[in-house]
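Presented below is the structure to which this report refers.
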Amino acid sequence: MLRLATPGRQRFVQSTALEATFGGGEANVAVSLANYGMEAEFVTRLPRNDIAEWCIAELRKYGVATGNIARGGSRVGIYYLETGAVFRPSKVVYDRAGSSLAEIGPGMIDWRRVFEGAVWFHWTGITPAVSQGAADACLEAVTVASQMGLTVSCDLNFRKNLWKYGKAAGEVMPALVEKCDVIIGNEEDAEKVFGIKPASFDAEHTGGEVDGAHFEEVCRQLSAKFPRARKIALTLRGSLSADHNTWGACLWSSDGFHVSRRYDITHIVDRVGGGDSFAAGLIYGLLTRDDRAALEWAVAASALKHTISGDFNLVSVTEVDALAAGNSSGRVSR
Amino acid sequence: MLRLATPGRQRFVQSTALEATFGGGEANVAVSLANYGMEAEFVTRLPRNDIAEWCIAELRKYGVATGNIARGGSRVGIYYLETGAVFRPSKVVYDRAGSSLAEIGPGMIDWRRVFEGAVWFHWTGITPAVSQGAADACLEAVTVASQMGLTVSCDLNFRKNLWKYGKAAGEVMPALVEKCDVIIGNEEDAEKVFGIKPASFDAEHTGGEVDGAHFEEVCRQLSAKFPRARKIALTLRGSLSADHNTWGACLWSSDGFHVSRRYDITHIVDRVGGGDSFAAGLIYGLLTRDDRAALEWAVAASALKHTISGDFNLVSVTEVDALAAGNSSGRVSR
Amino acid sequence: MLRLATPGRQRFVQSTALEATFGGGEANVAVSLANYGMEAEFVTRLPRNDIAEWCIAELRKYGVATGNIARGGSRVGIYYLETGAVFRPSKVVYDRAGSSLAEIGPGMIDWRRVFEGAVWFHWTGITPAVSQGAADACLEAVTVASQMGLTVSCDLNFRKNLWKYGKAAGEVMPALVEKCDVIIGNEEDAEKVFGIKPASFDAEHTGGEVDGAHFEEVCRQLSAKFPRARKIALTLRGSLSADHNTWGACLWSSDGFHVSRRYDITHIVDRVGGGDSFAAGLIYGLLTRDDRAALEWAVAASALKHTISGDFNLVSVTEVDALAAGNSSGRVSR
Amino acid sequence: MLRLATPGRQRFVQSTALEATFGGGEANVAVSLANYGMEAEFVTRLPRNDIAEWCIAELRKYGVATGNIARGGSRVGIYYLETGAVFRPSKVVYDRAGSSLAEIGPGMIDWRRVFEGAVWFHWTGITPAVSQGAADACLEAVTVASQMGLTVSCDLNFRKNLWKYGKAAGEVMPALVEKCDVIIGNEEDAEKVFGIKPASFDAEHTGGEVDGAHFEEVCRQLSAKFPRARKIALTLRGSLSADHNTWGACLWSSDGFHVSRRYDITHIVDRVGGGDSFAAGLIYGLLTRDDRAALEWAVAASALKHTISGDFNLVSVTEVDALAAGNSSGRVSR
Amino acid sequence: MLRLATPGRQRFVQSTALEATFGGGEANVAVSLANYGMEAEFVTRLPRNDIAEWCIAELRKYGVATGNIARGGSRVGIYYLETGAVFRPSKVVYDRAGSSLAEIGPGMIDWRRVFEGAVWFHWTGITPAVSQGAADACLEAVTVASQMGLTVSCDLNFRKNLWKYGKAAGEVMPALVEKCDVIIGNEEDAEKVFGIKPASFDAEHTGGEVDGAHFEEVCRQLSAKFPRARKIALTLRGSLSADHNTWGACLWSSDGFHVSRRYDITHIVDRVGGGDSFAAGLIYGLLTRDDRAALEWAVAASALKHTISGDFNLVSVTEVDALAAGNSSGRVSR
Amino acid sequence: MLRLATPGRQRFVQSTALEATFGGGEANVAVSLANYGMEAEFVTRLPRNDIAEWCIAELRKYGVATGNIARGGSRVGIYYLETGAVFRPSKVVYDRAGSSLAEIGPGMIDWRRVFEGAVWFHWTGITPAVSQGAADACLEAVTVASQMGLTVSCDLNFRKNLWKYGKAAGEVMPALVEKCDVIIGNEEDAEKVFGIKPASFDAEHTGGEVDGAHFEEVCRQLSAKFPRARKIALTLRGSLSADHNTWGACLWSSDGFHVSRRYDITHIVDRVGGGDSFAAGLIYGLLTRDDRAALEWAVAASALKHTISGDFNLVSVTEVDALAAGNSSGRVSR
């Protein structure tokens, strides 16, 4: 997806140029994993035009394989971003109608070939939200991945301004999520998609802190609903203002329930892609360390994302390691 | 339409920001006329989102009335522009699939109310190229305008990369053009839309000069085909390179055939919107002076357009008058 | 007025370009009101040159009527702005000597025609500070508006670096303010202009909090001095640093004295125009709701202003409503 | 003077930022001479504010002494610049009303101290055009310089949009010019200021070539009118378009009349300051070589100016030497 | 190499930012070939720091393999570029002292592994100019490539400001060039490196045209000196000004001598990398078509390079084909 | 040194341009002192190229004398800067290998001539870290300055990524520091260079506050080791995050030990050069007021530095006076 963001804190109506980068849930995860030195590939559908070539070159720049992208359809999806400040929220205007991905359908991608030699498949709830065809292609991919023995993870990623093709998230997502080994979401997704919310927590009350303890019950209910899932992780964002959030996460598995350290992110540079950077951090973490360490690593990685402009979390393993180890002083490195 | 152009002479793949302005055939004509002190209104269909509000504010900035724009649909159409140099052509990537205008249909705009008090209606061949609905709405507008006694003008404006909804320009345009009092085109449009071309001129041979005399016959044939048309004007562009064009036009009416002065535009700043600036200049000219003077004024106005970045021709009557009077030295005004 | 601001936090001496926007007390109020969907017109005096045309186009962009601007004189007034940080204050360098407004005088604007059909006239203390002629023209306008039954409001807006034509604010302002129905000021204006200050509050002590309760007495004294005023509102800014202010206001009327919610603005984007955005919010609020709600709406509107770059408060009624209703989390809207 | 130029070829109404540099006739000459390794000082009057400090720092950057600048008054003069293209002329909007220099008067600068140890004083016709006080101060300076034995040179520099204080150039300039040893002008100045023009040349016919031979007669008449002048030089600009000029000059002295090589400047970067760069080149040339060589050096220096953005001619002696020696191929130096 | 270029036509002393891209002879060739769909790899030595990582990411973006880059040493080489205009030459300031490549030596790269599966090795005369170690490593590479049966090509690329380690080009280059199958140079290289120049042509006379016919003799002499070379190609640049060059080439082989079409490049965007784009075009051409067609393709590719900013020639096979087929009108593609 | 910084908070890999300014320990101190109205000169070694001329022009802009800079060697040293955010540290990549300063040696600068008429010589620990030659030249300068009776001050300025020529700081620095009258350092330098650290303070614990009281002992030990030093000052930075530091300092002299006010710098603009701005403030303070006031002045000056982008602390005496007097509210000055 092409991301067109107003410079600085400008409103759309003030702008004369838009910063052009690329992003989107799954692409963001792929870039993070490539950054961490893993082989990562992004599979999607793009038209045959220069904007698509530009997108592919950017992915390649960050080390992501692009050889299985299907080509066809008429446009690259866009999202417009106006970055907020203090009480003024950032605004995302989705512009995905008629995009090549929205017009994808089953059979357009040879998932068996794509998954050959792979060990993990990750998808997000944004894809099935775009169109029936995208939901169908996603189900096809999840099914093949599952059959071929890949670990399948998903990020629920509920977006109320998508889901406009006549079905609700709650109708479409269960069939997809039930094939997942790892489920990731934020503090609101489980409620918005499946109606599962903490008993004692008012999810609307976002101005204050978000206490991880309230979410063990949410994880348990998700686990009951989707028994295949071995791990369930939820990010916990406290929105004090557009510039200042708290950030943490919890991870439930059969071994227990962990709540991470909570970061106080006082001068946010860019919070879009925060959830994706957590998902990538968790995948990397689960492949390289134990559950608790993986959770802390994923939270550190995604806390760092808030200091990077653009969707992609351009940090190294060394940088995440340093923050996960407690070095948060921001002292100049020279 | 949102115009997203790479800065300087960058290629898409090199860019990190896109210059964001607004444009499109009919909007460009409206801005020119407002600039010349005429009451001009732009009527289209836009979604209810911040990008549309931004577009409306820009039109308002240049004095164009926007009160009759229908609101609905899901996106603002886009065109991407990469400005060429020397042998490298500029590239336009249309991104209009699913736009609010593409999904317009008859009945969405109350043309009787729009045209109340108006004397002139101008449309371009880009609108019926976008979708069947847009073609239908255009026909509706032309019909009402004609019934209400407005002068109707059109710019044939053939774009081969549009016209993708299953009909050819030659099937759709005749019913629209036959209601027009003034027909405007470039040296290729009549051939591309209606198959009418100069006997002795090879339209593919664009590297050299374009001689106006060859086009009198084209005008006659157009006149025979569309007897309502009182005036037929064709712009004549000689493309020596992406930076250097010649520019002139011819005008046919029952009074005779005129070929304008030819301008040598040696350091083009932006040639997109050149045809629209001619159409606006001609409308203004025909309303304020005789045919020959109107033609020369329109050519001077549109020659100046090539020195202005963006789609809009931001020049004043005084500036066009000066060039039409022969002052082309570009000496500093201080 | 042309506003020339250094980019980012640059000092003047570091700059190679200046951000060029337009602003000024009354223009800022007009833009806000147009944004809120009200008919607003800005009346001033501008020269006949391209800089003035540019200014008019910008006002038109934001929906402000400009048809009664008098044209003459030799220059557009300017203010230079260097945005501060933390302990370093922002700097405003006024450059209004010889401007068309400074050389305005009575009789140059036909106020009777201007006010036809209008219900409200707003002026600020900056205008009479510029020159004797501007003060005279302002008095003329206030007198006509008052005679024609418009509600007249003023913002005291004391600027010590203006008032250089030989008269003190205290000599000129009373004759103007006494014809006002609504008086607006900040926590210092009443003292600087009329010598009225809170008994128990040290206005110089701006580093700490500003308690609204201390200002009821100021309002009472203003009311005693200007008995025509039905409402008196004061904004209350606590300057913790150039990046971090608190912001609130109080409103006195015959019905009682209200102190608003206090906002903690932790990452200011641009605080210039804050007072103007309050005035506009109050005018809108008083025309659409009761006193207390109007005060809260005005404070929310002007708190949002601090998140917008430039003088103009480019927010919608919906956005102000949301903040006034307590939604200050800055969570991404998507 | 602060120079505020629109970026690229933008029109004022399109701009959101203005490029801020400093310039003006005498300052431009001083910078050139400092660049060539000569001791040069710029004497003017500036206010006590941050914009003036910025101006002084920029002059210092280019090696110009600034120790005798008088401080006072209220503003730094400005000129706005919109760079043209092809047939569209560049536009200069002067904004000097009320500037510190416009309000200068005799006695504000101690010219005896300024000229101590100096050998040359250069002034331009822009200064006496600004105000009576500036004309008086200029006359004072010229008189003192003359008494102290400095070589005095002037650039006639006629600007029709200045000269607004009630006197014509022809009334004021003679008393100043008659004390000059070297008179410099362009192909129009002698006519515009003193009514002296070539018999056989139509100065309005600027679109074509300017033949130096026609100007010997102009020089002779100037010499007859101002017998003190030992050298008279005129620059000869042929304006083919805003992007393409020809450029040469002629020099008359008692030794004879020389016409320089003519340069074809096909892709002008910035022509403002061209005349000043010629004056500086001529001063440097006359101090270091014979008349003919000085003329060619001055023309080469000023031809190079057209390739540099901003008012200042930032080229070295080596670079001018190379062009004067005939190396105009523009081959990469590496 | 990091390329730091002043924006627009600024001089270094005017700049506040430098455009940062990457380039250098061999890298430029690799990017072109990858663009044309060939597998291309760039082998060099870079330090272990963030600037090197940035360089690698940019190469990856354009599809170049980077897996065999040796890591070590202390810095990435730089060249500073100031783009000229008209008579003012562009300036390149090399800053390669102490770079990782300057400190490379034999044995640091395992050329046998690098060349496995490869068919072509290309190097340029810039590498042996940097240091003795670089020359030694280059000889090592050429020797291994030759032994392994790769086609070896070189671009003589003489740069007088390099070659500072105590040896002249003429001492070092013969041993390297004698192992080459294809020799490429410009109209000056053969003379500057080997003292071979056209009898009847004055290479210093660069302001005028460069006639290919004069260079057949140069090719013959080169062929006599380096009998292994099967093809010898020379680019022919006519430098009319920094903005306007003519461009062509000639190719000698045992089959005959061909002189290409000559292009008139009237508005150069960036001529740095022109020779490299020719070399890449020739390699691609020789691998895909006959000699004459290969020559024309290479000239068309490199003529297009002059319209692209940066070192890399970001054009597609389709675009080169179109120009080689004679379509040089620069008409908008839409 | 040329400073090449990524714009905004970009990472290197995201950048397409680098902000180019100049800086470095001693240059920063010289600019501050010139700003405060003192005569200051910067003495270094630079090559003969355009980048060096640019550097000199920038120093001159800020009033620093540059007449004794030695010219020779091959390159200007560089440091690359990536500005961090929150937990992400800023990164400095030094690129000084092969710079003209690194290749300086004794005898290249005539220190006797340089110091004629001077009263103070300041150097920093960065110079002897660069190379043996630079250390030798530094010792030469310190020795001559000491002999000629100048006050000699040093800033220990330990940088672990320099010191790569085979000697440790602890081996080189003592001979240099023992000739100093004033020693300046930060809370870590004494430990890193001389192994002297507060008994009760863990210098690694930088996330929290730094209490000045712990450093009296450090000063005493430094004093014992370097008995010539009359004053020893240490800056005390508490790194809460990359955006938020606390800042203070302590000063020890025979008269006693003072700990300054501590500033809370909540929205840092640029912290590079903070220590240098303290050193300059202290030199200015010690020359104009008593110890305690000098310390507070130096801390206020350097707190302000954190609000200025670039290495140079572009603030005036008036501005430092205001902050030192307690005015830290950041209220707009207008």
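Letters A, B, C, D, E and F mark the chains in the order given here, with residues in each chain numbered from 1 onward.
To be clear about the criterion, a residue touches a chain if its C-beta (ideal position, glycine included) is under 8 Å from a C-beta of that chain, and two chains touch if they have at least 3 such contacts.
For clarity, every value in this text was computed on a predicted model and none was experimentally measured.
Q: Which chain has its C-alpha centre farthest away from the C-alpha centre of chain D?
A: The chain lying farthest from chain D is A.
Q: Hey, which chain ends up farthest from chain C, C-alpha centres compared?
A: E
Q: Same or different: at the chain E/chain F interface, is the fraction of residue numbers used by both copies above or below half?
A: same
Q: How many angstrom lie between the centres of chain B and chain E, each centre taken as the mean Cα position?
A: 44
Q: Of all residues in chain F, which are in touch with two or more distinct other chains?
A: 13, 16, 57, 61, 91, 267, in rising order.
Q: Within their complex, state which residues of chain B touch chain D.
A: Those in contact with chain D are residues 61, 263, 265-269, 303-304, 306-310, 314-315, 319, 323, 327-334.
Q: Which bits of chain C are touching chain F when the two form their complex?
A: The touching residues are 8-11, 13-14, 84-92, 94, 159-161, 206-207, 239-244, 267, 271-272.
Q: What residues of chain E sit close enough to touch chain F in their complex?
A: Listed in rising order, the residues of chain E that touch chain F are 4, 7, 12-13, 15-21, 49-51, 53-54, 57, 74-76, 78, 80, 82, 91, 93, 95, 97-98.
Q: What does chain E use to touch chain A in their complex?
A: Touch residues, chain E against chain A: 57-58, 60-63.
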